[in-house]
Structures are given as structure tokens and as C-alpha cells.
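Shared chain: subunit A. Partners: subunit B in the first complex, subunit C in the second.
After this line comes the complex of A and B, so read on.
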């Protein structure tokens, strides 16, 4: 019988954190295999596929038994042998393994956000990591630290082996320019833009992204005065930032009311980058001033967003009454709701009314409804 | 006929959820009430994050209530059921229900 596939662990050189005793692992030999079919008189029959598998493991597959740190250990691609192989499935060219954050980079993210108190937005722009990923890194590092403090075991050898076998984005050395981990300013696909609309526009009329957003949300066209006040679609991002979030124009009535779709310039995660690029085109000589202005812009946006968040949090705290009965097992949180014509609507079935509704089927078992939690509750 | 403030059970099997409703006393539990003035979720929730750091943090139950409507209905003589009475006591809208068994025992 051909030898069994042995589970190899990561070599001991790669495990600085492990104790030397646990790192040296002898490959286990299994003498019991020979005796495993003692009740059967016939010789152990092998399927063709199984035979082929062992033949492959002894020839081509033998090269893949151990990985080289820093290189992927994927099946060789028959089409190109020279380049770094980033395709785990040789016949699927579209599947490319993306880089993950290196340990140093993720620790740097945590240091900047938590210890140096930099804003998520600023760190995202500096290191080229999406804001959502930054938030996730901070949460996970916090979790890791808590687990360390509680003395829970961590899967360090596993983490190290994975980091060796997939491409990673490393933290730049001093004086080096940080390579971006991913595009950070991706426009989220809004469901309103899914519709294919044929909207004829006269050639003489200027039709910008602002107008396109209005067409998508079935809002009437802008009046000329307001249209002329907008020099560039990114101006709207500034407007949204300055005003309250409720100040975005609404269209539709009652339950059908919705916000008018803003241009992409206002919906991207980092609208200030558009402003910076416009600045660069307008003043190609003033490099330093442009950067300074952008830093100010980020600081201002952070400040406004922070105060907005704090206000919302304070409002939430005020609207909830905490009752803590003595001797009981539970606390109670009373929230204010309103039962009125405005909340129940004309037919009494509006979703704004308190409580589960009558005469409206529960949609929870419909196909496509997400049942797992999709966000972290505070 | 008496108007009561009581709970109406919603939610699936093993996951109860109640509307706090104002209804005629003899109408069915699942019948359409006069008004829905709030909700009561009897499944306790754990405060996130805090729980690991402070093991004494108690789980909490969520209640939503339209206080002004509750006050109005109490004012015109609606009678809360026992569970709702407890909730309204915690909300500070009614006095605790007198425990009559005490008098008997004494």
C-alpha cells in the first residue's frame, strides 16, 4: 500500500513563538495500517482514482508537500511558469488570491487608531486600507488582546502558516512609500442605479452626475438657479457635510418617500480625495499647500462626523430609560414610541407604528432574507 | 365591556415577542386591538462588550412604550393585566399592584 498522506506541521524555524519542545514533531508512522484488514481474505482492492492519486502524490504532488515561506503553494499553472502563481485554481483565471494585511501593518493600524487617536478616515488614506477593514482590524486586535489577557490559546502556528502562503501587504519601512492594500474609494452600488433607464436629453442641455442621480430616483429636474450654483458635483458632498443628514432632498410621499440619489462624488467613502485631485489640477505648483488643505478637510469632516455621532448617541441615551430593579435577574430598558396618525398611517399599517403589525404577513421566511446578524450592535 | 391593556403574543415558536395592546377584554388574543401602544421582548439580551469586562452586568429586556397613550387609557379606566401592570409600574405610570395575600396571612 502506498504511504498515507501525512499531516505536516510548519517547520520549527518558522515558529519563534512556540516552545522548542512542541515544535519538533516526528512524522507519525502507522504500523497498524498493515493489520487493518485482518478480517478480509482478499487483497485490499484499490480504486483506480485512489491509485492515481497516490501516483500523483509521489510524482508531481511531491513538490507541493512543503511550502516555501513567502510563496504560494498552489498547483502549477500550465500557461505561465515564470510569474508568481496567484491562482489557486489553474483553469480559473478570474480567481486571484488577494493580499492580506501583514502582522506589522495590522498592528500599525491598531496603534494609530487606538493609541495615537488618529481618525479611521485619516489612517485609511495614509495606509490605503478601506475604512471598514480598519474598523474590523481594530475590533479583532482588541479581541486578540482580550484573549491573551484571559489566557486563552491562540492559533499562532496556523496564522503564521497562512501568512507565509498567501500574498501579504507589508508595512513600509521608514522613508518608503506605503503601498496601498486595496482601492479605498470604491463607490457602493446603490440599488436605485440598477434600473436601465432610457432618458433622452437634448444636446444643448448640460447633464451631469447630479442630474443622473435625480433621474434614477425619479425626482424632478433641478431648477436652473440651483443647477448653476453647483460648479462641480463634488460640491454636493460639501453640502451634505455641512447640513444635517436630514437635509438631503426627499422625493415621494408617505411610505414611498426616499432620499434623492446623490452623485457618486458625494457617495464615495472619501469625497475629500476628489477635492484634492481638483486642487492638484488647478494649482500644480502648490504641492505642500494642497496637502495641508486636505489634512484640514479630513480633520474638519472627522470633527463634524464625530459631533454628529455623539449627538445621536446622547439622544439615544436620553430616549432610553434604564430601570434596574433590586434583587431581579434582569434590567429593563424602556424606549419611547409614538402611536399616532402620523406613525400608523391612514390605513393603520405603516411600518413606523409601534409593534408587530396586523394583517401584514411576516417576511422573515422569504427567500433571500438575511437571518444572521449583519452589523455589530453597540 | 372592559377595556384592558394586555399583551398579545407575536413571534415564532420558542421566540416570544409581545405587543402591548389596548383591547376589549373579551376579544381574542390575536384579534386586531384598539391600539398598539408598545412592545415587550421577554428574551433577555446581553450587553455587548461590557459583558466580558464586567461579569456583574445584568442582561436586559427591551420594552417600547407610548407613555402618553398609556396614561390616557389608564385615565379613562382601562385595566392593565397583571404582566402589563408590572411593566407599567416600572415605567412609573401606576402604583405597584397591592398584594392582597399579605392581609390574609397577617
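After this line comes the complex of A and C, so read on.
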């Protein structure tokens, strides 16, 4: 039996309650077993690699065994020693351990959204947390509360340990400015922008982001009247929000029809922030009015989005027929299955339409086609 | 599927695992040599290395079908820059902007090829491992197959289920505690065995077993209740101390036994006094919860502690103090108990932070982290060795550790200077590996 690294956990059971969660291990040097049988004739079963590994684990690796609360404990990076180490993989400089939301910040998000009825967009801008993350946090906190109420088992010591090991974004105290958790205005790179295009433009012409988007999507240049109507690319964001007819142009015909690429101002998650910055540049004195206008803008955008969501929901509900048999516990939902030219295609052989048709093989038995569920309804 | 994901030292492959073998392999990893090797050889080695870590449980053909050469990336936009310039400044002159006196700092490159294995991060088993719910991707896979994982509230038994943005997955907290907790010691294993034998005996004569179990359950319920009494907690503390005394006779050294006995005595003394004042216990509990919050905030705070009232020592020093003064802590604890129970209001100023800390820790941890030999992990729970070296949570997941649930927010993306796919390999490996999987190979 090769020597094992002995588990040196404290045997006292009360001590862990009186000491911090991490300090449950006392370092002590175990006498090497190789020494204890130095007169043995049989060769040690320990390979060189194993010996080296345990040597490393007992010297340099010993620091990695347990964590210090509030600090990361990753493999030391040979290139930088002074800074706090946020790279769990010393060979990958492009991956860092990013901070997670602290318990208090998570609860703050929940109270602001659910109890104070603030909109997700407003809370996102205040705390610097992505809108998707805010929605997820609300969902998770709600689930946690439900589970606590039901008395289901929780993993509280585990949660504490993880929050001690991983960098966290803490909630700012009163009077302090909240540090942003993550960049909230991420612009997804559109595949159409991948191409390198040589597009000659006269130097006298101002070539804006709107024009660049049109070039990338191979749309004809804007007419002069329309160009002059746009004072700043963020105007297009307004048009898109208001669903102004023709705000989103299409290029191409038939199956190749696609939307003209909008400028970044209209494609970022918080377009109202650009408007606010424009206001700040135009009226540097009127601080309060700028904030008020921004609040109004957020409220308007929320309202429009909410009505749009409700409409979509109502439309989906209308397309489903509910049947609840009396005395039964089921709610049968019937959805109309369309069998038309749209689904079968022009030649009637598209695999999207339901049912078996002559000459249309069933795709589900093909190699490489997913046969397990692709989605789970919430 | 046969598990080929062994952490051998001779091969030195890096796996999605928290094992110490893996840590050692990670530590001694060096980029493969390129000199005097053909491009094909370089790509082959890089691909082999990368695939040993990324989705080793996925067949090569399966992964080839998942691979996509298109990589998701985002650019964080500065709204002030967008407002200042409508794009005409950037495109002025000959198309690349008029030269200013000083060039802005060069933008960082987007590490596209580090995202080569991004499609695998969508898999349920990998996501469970990334959320720190399992100690290896293989274990995460087992959890899924054994039915311990739900997706959006429904049991999901396919480890290869590809999560959609917005999916909520949850693992049984017991399994997570087992996966991430330290294994049992020899003594604890023996305790478990004895417990099992006892249970078997009790099964034979059920008349004895039932009332005890009921009492146990009642106790647990009372502990879990929100408006629980401190008294109950203290009683539980005493009973636990008793059980320790009775069970670990051979394990505990004599000195510790003495400590335990003293502790028991003190708690009993406090209990007898608090019996007269029942109203105060509620406020005490409230005080505890407040303190818990306050202390948590303190801990989360980075090193400088300004604007805070008396925090005497750094956390590490506190630890040292706690370790060295184990004998004194008992007295302090009892004092704190008495003060908290007798005084109408428990002033933070009256009691030192340290005392409160000890008191709070003992009580809250007692409740949250009890000694229970029936669990498959060492109790009270503490993280397994070397867990901290692997502990990070990527941004595309939002995790709630309390209930062991996480939401897959979005697909991982690359941004300037950062790739969200956790990978131990730098561009020297990821770029040739990406090239290997392209339809038209480099």
C-alpha cells in the first residue's frame, strides 16, 4: 500500500463550531513511510512521479489545500506575484475568475424588483447588473424562499464556503457608490460585420454608423432627406422602439430577405443611456432635468415592452384551446397544427410540416439528429 | 460508458476534476513544443490535450457535429463614446479617423479560439460542474443519470441535454454537499456503521424506536422553524454535546472532554436563567440574525476596514485567536450568553466583537451545519481539500448556492481580452485545436 496523505482533520467535533469554517485543519508533518522500512528488500511501489507529486503537495501545494476566507486560492502564476491572483489557470491569461453577486446584493435586487416594484431595466442601471441576471436572481431567490418555507434541506455551509472562496461583488453601504458588477451595455457582434469590405466614400461626406450598417447588410445608401432627418444614430433606437413604419428596413427577396443592420445605438440593451449622455453634453447645467427625463424614458420603454409582451402572450393563449374535463385533474391543451404551403414548402416536401408524406423521410432516425428533449417548459 | 477519465500521472492529462492528481498535472503542464514538429503534429497534440479536458465524456463524432466555427462575441459599449461620435469621426479622412496627437490605448484582442469548445458548456453535466455542484464532470454526469437533477422543475436524466438560455437547473443539495464536502474520517465511518447497526436493532423492536424518532423529527422541525426559540437551540446544543460525549469516548482526548463538559455546564446555567424571561429570547434571535448580516458584510469586505466601528482584528488574526484561546472561549461564550439573555437590549458596544462572533458562529453553525453521522460526508460539513484551487463561477451562470440551483443565462461569449469558456489552455493550444476541427483544415 503506497503512503497516503493522511487526513488530518481535527477530531474534536465542537471545535469547528467555535473556529471559522475554514480553519478546521491543522498542518502537521507525517513521518515518511519510506524511512520506516529502509531495510526492506522489496522495492518501494512508489513511482518517481508519485513521489514527486506528494513532495509537491506537501510543500508548495500545501497552501492550496484550504482557503482563506475572502481570498482566492488559485495556482500561483509565475508571471505576477504581487497582485491578487484571479487566474485559476496559470497558462490561460484570457480566463479570469469573475466576481459573483454577494448574498446581500442578491437580496437587494430581489427587494427592489419585487417589493419596491422597480423595473428590471432601472435596477439594472442602478446596480450595474445585466437584465437577464436580475431576472434570474429574482427567480432563484423566490425559489429559495419557497424551499425554506417548505422546510426542504438547504446547503448553507456549502454556500458560505463558496462565497468565501470566489471573488464577490458586495453591496455598497449607505452613502457609498455601488460598484458595477458587470458591463451592462454589451453589443453582440453580428455575423454580418465579420466581412472586410472596401467601400469608397468621398471625404466630404460624413459616414456614420447608420451608413456602415447599411454597407454591411448590402442595402442601398440612404436618401438625402432621410439622412438629414437622423441627427444622431440613437434616433433610430427611438424609431425601433416606437415601431415606426419602416424603422427596420428589409433587403433581399424571398428567402434571402433580411433586416438591415441597425447601428450599435439601437442594438445595445440600454439605448436610453446614449440619449442621457447626449442630454448631458447638450445641457451640462440641468442635472436634475436630465435625470428626470431619463427616468421617464425608462418608464416609457418599460411600458412599451410590457404591452408588447402581453400582446404576444394573449396571441399565444388564443392559439391554444384549453379543455379541462370536469372532475379531472388535467388541463388538456390543443394547439392547431398547420399543414399549409408555409410549412410544407413550395414542393410539399419540407420536413417542417407534421404527418407522414410519401417521399419525405422521417428525420428523427437520422444520425446526428437530437433524440433527447431539446427544451423543458418552465 | 466506460470511464477513461483517469487522472494518471504518466500521461499528465488535465481533466474537469478537483482531484489533487489533476491539480498536480495542471501545475506541471507546459505548452507542447512546436520546434521541429510539423503543423499537423502540433494540431494533433493540441487537439488531444484540449479534448482530454473539454468534453472527454463526449464521443469525437458527437463533438464534431456540435462544433461551430462561428464564435459568439460581444463588445462592451461606452455610452459616452456613442453619444460623442456618431461614427463620422472614426471614419473621417481616409477612412480610419483623423490622427490625433496621442493614440488611445490599443484595444485588447478578442481571444476567439479560446472559445472553440463553447458548445460543450451548454451540456447539462458540464454546467453542473461549472456551477460548483459536483467535483468533476463525471460526477455531475452521474448525478444527472441517477435522477438528482431537475431542469425547470422537471427531472432530467440526459447528461447531454443542451441547456437553453433561461433554463434553471437544480441539484439535490445532499448530493452537492457530498460532492464538495470532505470525506469521512475513519472514526466517522465507524460511527456510521454503529448507527446503522443500532438502527437495525431498533427495527427489530420498533416499540422503542418510534418515540425517539418522533422526538428527533420534532426537534428538527423546531430548528427549521423561522420563529424558533433560542432555548430550543441551546437545548439541542446540550444534547449534541451529550451525544458527542457518549459516542466519541475513544476518539476524544481527555482535555477536550473536559472542555465539552464545561461547555455543557455553562449552557445549562444560561438555560435555567432564561427560563424566567421568555420574551427576551425572540429579541435575542433577532439580534443574532442582525449580527449575522453585519458580520457577513464585514467578511465580504476587502482588507481595508474604514468607516466601521470596532473591528479589532483581521479575520485571519481572529482565527488564530480563536484557535489559541479555545479554553478561554468557553468563558467568554458563557458571559456573552448571560449578557444577551439577562440584559433588556443586547448592545453591540457592551460586548466585544470577538465574543459576539464566537457566540453567533457557534449557534448559527450549530443550526446550519449539524453533526449527523447518517450523512455520507464528514460532519460538520467543510469543503474538501483543494476545492478552492478550482473554485470559480463563470458569468454565463447565475448560481444560488443555498438551494443548489443555477440559471443558464446565455451562451458563453468572448470579449476583448477575455473568453468565458473556462479552459486551462492558452492560445498555444486552443488555436491549433480550433484549426483541427475546421471543415477546411488549416
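One rule holds for everything that comes next: the second predicted complex is superposed on the first by the 273 of 378 C-alpha atoms of A that agree within 3 Å, B and C clash if a C-alpha of one lies under 4 Å from a C-alpha of the other, contacts with A are read in each partner's own complex, and residues count from 1 in each chain.
Throughout what follows, a residue touches a chain if its C-beta (ideal position, glycine included) is under 8 Å from a C-beta of that chain, and two chains touch if they have at least 3 such contacts.
Bear in mind that the values here come from a model prediction, so they are computed numbers and not experimental data.
Asks: Quick check on the superposed pair: does A:158 touch subunit B, subunit C, both, or neither? Answer first, second, both or neither.
Replies: second
Asks: Given the superposition on chain A, which partner contacts more residues in subunit A: subunit B or subunit C?
Replies: Larger number of subunit A residues touched: C.
Asks: For A:178 in the superposed arrangement: first (subunit B), second (subunit C), both or neither?
Replies: neither
Asks: Once chain A of both complexes is superposed, is A:53 in touch with subunit B (first), subunit C (second), both, or neither?
Replies: A:53 contacts subunit C only, not subunit B.
Asks: Looking at A:323 after the superposition, I want to know if it touches subunit B, subunit C, both of them or none. Which is it: first, second, both, neither?
Replies: Only subunit B; A:323 stays clear of subunit C.
Asks: Overlap of the subunit B and subunit C footprints on subunit A, residue-wise?
Replies: On subunit A, the residues that contact subunit B in one structure and subunit C in the other are 376-378.
Asks: Looking at the complex, which residues from subunit B come into contact with subunit A?
Replies: Residues 10-12, 17, 19-21, 32-33, 35-39, 44, 48, 52, 58-67, 69, 87, 90-91 of subunit B touch subunit A in their complex.
Asks: Residue numbers of subunit A touching subunit C in their complex, please.
Replies: That would be residues 5, 7, 9, 11-24, 47, 49-50, 53, 56-57, 60-61, 64-70, 72-75, 88-98, 100-104, 106, 130, 132-133, 136-137, 139-141, 143-144, 147-148, 151-166, 168, 170-171, 173, 182-183, 185-189, 191, 201, 203, 206-212, 232-234, 263-265, 268, 270, 273-274, 276-278, 280-281, 368, 370, 372-378 of subunit A.
Asks: Residue numbers of subunit A touching subunit B in their complex, please.
Replies: It is residues 146, 321-325, 328-339, 353-356, 358-359, 364, 376-378 of subunit A that touch subunit B.
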